[in-house]
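So that you can tell them apart, the chains are marked A, B, C and D in the order they are listed, and the count of residues begins at 1 in each.
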Amino acid sequence: MICVMTPEELAEIDQWHETLLRVRYAETDKMGVVYHANYLVWFEIGRTEFCRARGFSYRDMEEDENAFLVVAESYCRYKAPAYYDDVLVVRTHITELRRRSMRFGYEIIRESDGVVIAEGETCHVVTDANSHVRTFPPGFAELLLSEPINEPVGEPVPEDEAPL
Amino acid sequence: MICVMTPEELAEIDQWHETLLRVRYAETDKMGVVYHANYLVWFEIGRTEFCRARGFSYRDMEEDENAFLVVAESYCRYKAPAYYDDVLVVRTHITELRRRSMRFGYEIIRESDGVVIAEGETCHVVTDANSHVRTFPPGFAELLLSEPINEPVGEPVPEDEAPL
Amino acid sequence: MICVMTPEELAEIDQWHETLLRVRYAETDKMGVVYHANYLVWFEIGRTEFCRARGFSYRDMEEDENAFLVVAESYCRYKAPAYYDDVLVVRTHITELRRRSMRFGYEIIRESDGVVIAEGETCHVVTDANSHVRTFPPGFAELLLSEPINEPVGEPVPEDEAPL
Amino acid sequence: MICVMTPEELAEIDQWHETLLRVRYAETDKMGVVYHANYLVWFEIGRTEFCRARGFSYRDMEEDENAFLVVAESYCRYKAPAYYDDVLVVRTHITELRRRSMRFGYEIIRESDGVVIAEGETCHVVTDANSHVRTFPPGFAELLLSEPINEPVGEPVPEDEAPL
């Protein structure tokens, strides 16, 4: 069997991870909104934290297991502008999991008003440090499908609560 | 008529613009290759130079015409890694041109060996400074479809020729 | 009196703000460490959160008060490399406060081992939206020198606690 | 003798290299000008091209000679804003050259009106891939002090000449 998990099977156990981040000044452009390439950086933060919440350190996968999730495709649909200092929720889930590849799906939502800023997807191939395609290290695919170890804590931006 | 130019009509007069750029150290990541979000920045350079070659300054369109090409979608397929100091050819063409939107297609190719690094597409909506959708300023759609004023000069990275 | 607060007076009430951040993959380079220009981005996060902790939203200062803290100088001394996924403490304090300018000082420390990654300073001039030098809006200099409203919460990276 | 070249000796043979670049949309921020951290990226382009003009590929120095010019300090004074699509001249020279370290000085000037945008300096230590300080590879310090092989060609942005 090639596919560890079909999209249909995944949909049944569908788990989203939520991570908060705050828009940096450096991420804006002269239009006064976030420059669009930064969304791909945020997607990366989303999948890293998705993994971490399941006891899976992407850094360790690279350094200890010689396994890299190389980006093979990216797609983003920009639905509403995000602004400097906005607190955004990056929602991440797995949309496909195969033996040598996987897909993550994303939503970015402004926390203050719930507006959907963007939706996207990335496709990844598992490789070793020499860029040869390989399978996931033992146990990692299972971790990806497991329940989060602790509830999404979701308060990485506590200063947000400070009164003005 | 909504569509200024159908994809089929465009295909007939298909014009690609080529721009050279050199990979910056800042654009690499710990995998030793270019970080994938930078390709979207290069696509933007590609479409800016596509316009400039047709006598169309994107800066002027924003500042003098109150017309912005807001990115509505981006897609990129990463086919081979690019490395620090590589000279890359960004090839850009128009894949759809409507009254209030357009699509650019891109190819990124390493100059030294002709390897295709990436392919992509971006979809744009024309808006004013207040993010209201509008049509292209008069004459701009025609410029986009015109022949380049001067041949793609294609030597933006002359130091490349220097002997080592 | 030109100077709202001399360095000596500031030293007496010296207050540092601490903000946590986690190194992004996008911030690394092919040397396997953080690319040096990113430290200036982190300094900016440090001063933004320094202000926020004192009830001072830098975004509001720009948007409501027409006052911008333009960067006039930056200095950074890089003391030890930072790595992907490191949690870093950005420590920020005011080193000079004048009527139309100010300086922030910074330290960046790796949370896990206390290693000092970098030290730096930025000098800022207060301007309006047309780049004309002006004084701080009423009350803002006082806020900058005030006690933080709530204790530095310091848990913006809670996933860090998750067991591997 | 520790010092390969004192600042005074360098001043006598002072050689500046000039590289052109065009401001990218991605490099601007919501203030409508270039975000300040990008100047450090441009300084890096300046020193890379300074080396290349003297037959010295920084990429090769890293890959073939196991020698890295790690940034130890950076300083930048921001004198005037740079705008999207500006063509800038990055002027680079050596301000100190020692056996295990060196300093580059920089000026950034807008080509169209000669306005000085910024001045800066970076200090570098020569290390191997394991971050141990080492001396320059044989011949490299001499190359740094040599005459440029070909005149600074200075046309990396040819589209600039295109009529609007």
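The working rule: contacts are C-beta pairs under 8 Å (C-beta built on N, C-alpha and C of every residue); 3 or more make two chains touch, one makes a residue touch a chain.
Note that the coordinates shown come from a computational prediction; the quantities given were computed from them, not determined experimentally.
Enquirer: Would you identify the chain whose Cα-based centre sits farthest away from the centre of subunit D?
Expert: Of all the other chains, the one whose centre lies farthest from subunit D is A.
Enquirer: Could you compare the number of C-beta pairs in contact for A-C with that for B-C and name the larger?
Expert: Between A-C and B-C, the larger count of C-beta pairs in contact belongs to A-C.
Enquirer: Any idea how many Å lie between the Cα centroids of subunit B and subunit C?
Expert: 36
Enquirer: Measuring centre to centre with CA averages, how many angstrom lie between subunit A and subunit C?
Expert: 27
Enquirer: Residues touching two or more other chains, restricted to subunit B: which are they?
Expert: In subunit B, residues 25-26, 37, 41, 84 touch at least two other chains, as defined above.
Enquirer: Taking the touch rule as given, give the residues of subunit D at its contact with subunit A in the complex, in rising order.
Expert: 25-26, 28-30, 32-33, 35, 37, 84
Enquirer: Which of the residues in subunit B end up touching subunit A in this complex?
Expert: 31, 36-38, 40-41, 68, 70-78, 81, 131
Enquirer: Once bound in the complex, which stretches of subunit A touch subunit C?
Expert: 19, 24-26, 41, 44-45, 48-49, 52-53, 55-60, 84-85, 149-150, 153-159, 161-164
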